[in-house]
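Naming follows writing order (A, B and C), and every chain is counted from residue 1.
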């Protein structure tokens, strides 16, 4: 018995069955599919529009949604669950020496200007370093300094205090305490920060390298 | 002559069927998957449960099959002939009374194993058929047609401890006390003090504009590392002397030679 | 504030929401996905098993169903609706009798060696047959057998289970009866007299790799 004979001999399946069929087709097709294409696949006499309407309602508020794409129909992840389709790879990096020094200066000297940071570090502070600290929400802008040029100042944030386990900026150990703990020892800490050669992205460093080459 | 009994007729029909079957086997010999396959096909003509099969009868059927093949000059693969030899051996063992001095498995054990093999092969064939009759993906059921790719986001978390912070600050505050590490490691160094001392003695003679490298000490001009150090300190010393008002310095354009001359002498 | 802190600060979403999330994840992938992989993508503290149980029930009798495949989960269209998917049907090469039997022997006897397959079929297994099954990703290498020569073994894959709609190897048709009747026992020939199954040396096979016997 051919399919055509089937179609004319029997009535269309009940609407619940039509809905199942449309559901399976929408699930399995490799691209959005038009009503017409769905109808071509279904037994004769099916009401695709009604089946789609039922289906759309059934998937309301679910993890996937029946949507119209151009003149086709397709299942799509519910928009609020898009984050599940993103796999996040977490990577932990140690803050660069330029950043940690800049942060330390801001913490100990706040409110402090960029010029002051540069003076203390003896090298210029790259924009990227400050941006990173701002992005981490560890520093923020303070009041402008009432000096010529009215430069902005930087101060540390509550997030900074939380991260470093400090109740307030006053809890930062003073120079004397640092010396007492041996941190101000003149010898570079083995493998620690002090022993490292500066690898910051500051502009001044770049200039130094150039000059080295000039004299070769 | 007595008429044939019903049993005779059945026996005749059976042998006829067997003959027809074994002839079909010969025609089909290329279609067989080895001697075990042939044996299984022959066993089916016995129309009994494989567990009750007569291995003796089966052996004779198989030997007849090989014999006919020979008669019809059909080349049988070595496998089939090895099986024939083995079954001929088994047949004789099954027919003769057991030899008490004979070691190793009895003829019954060998026959039982052959029956097991046939039953197992048949079971596997049935299972294979059942497996293939299952609903199959891509034929009866389907996977998601529009899979959504999972995008990879890299998220970097920066960490620093309070100790890092304090060490960094301690380093900054005591930096001036350090003699920079790289300075200590260098031995081929012409210091600023040396250059200044040398320049002070030389400037009296620098009446005309002269290149900076002319003022470099002997033995510091060839090796680039020496030259670099001497150039830097001599230049710095020259600047110092300019500041003191004892020397003039000029450079035509970027990267052109730096020239020196005693101040006031024209 | 780091993500970890977040995770412990907030409870897992309600189970209905977890179900939506699992639904979205499973809809988005064509391959079965393990509970662990699902859990990795959900917020902390979700009960994947329960969400899956809810979901499986929800889709009962629908056009798509939630199936377990090995240790993975996936949505598949209901098998009775396969006729609607003419367009999605991919023509699998018709497998030869040798390939089908070899596949069945591996599935029912796994882990099994090439010599055992040959012992059961009473004929050597051509290299091409195993290659084809490996290429289809229906079989893979298992552990080496701890017998002289340390032969490799073959086992079936998740792709095999997925293709034949099996939850696990235990669901192979009739496997329990076969085991009960001893037909899956590894019964060696008494006295090792059966000479007809001793063509196990791979070299000869490599040479007469007649691919012909793979396809009917």
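Brief remarks follow.
To be clear about the criterion, a contact is a pair of C-beta atoms (placed from the backbone, for glycine too) under 8 Å apart; a residue touches a chain by one contact, two chains touch by 3 or more.
Here the structure is a predicted model, which is why all the values come from computation and not from measurement.
Closest to the middle of the protein, by Cα centroid, lies chain B.
Averaging C-alpha coordinates per chain and comparing to subunit C, the farthest chain turns out to be A.
Between the CA-based centres of subunit A and subunit C the separation comes to 38 Å, rounded to the whole angstrom.
Centre-to-centre separation of subunit A and subunit B, using mean CA positions: 34 Å. Between subunit B and subunit C the centroid-to-centroid distance comes to 21 Å (mean Cα coordinates, whole Å). Annotation for subunit B: residues 142-145, 148, 150, 157 touch two or more other chains.
Listed for subunit C are residues 27-28, 75, 77-78, 81, 85, 88, each touching two or more other chains. Taken together, the subunit A residues at the contact with subunit B in this complex read 24, 27-31, 74-75, 77, 85-95, 97, 99-101, 103-105, 107-108, 120-122, 132, 136, 163-166, 172-173, 175, 178, 183-184, 186, 188-189, 192-195, 197, 212, 215-216. On the subunit A side of its complex with subunit C, the touching residues are 19-25, 27-30, 41-42, 61-64, 75, 77-78, 81, 84-85, 87, 90, 159, 162. Residue ranges of subunit B in contact with subunit C, taken from their complex: 33-37, 39, 79, 82-83, 86, 104-105, 109-110, 113-114, 116-117, 119-121, 123-128, 130-132, 134-145, 147-148, 150, 157.
For subunit B in complex with subunit A, the touching residues are 142-146, 148-162, 164-175, 177-178, 181-182, 224, 227-228, 231-232.
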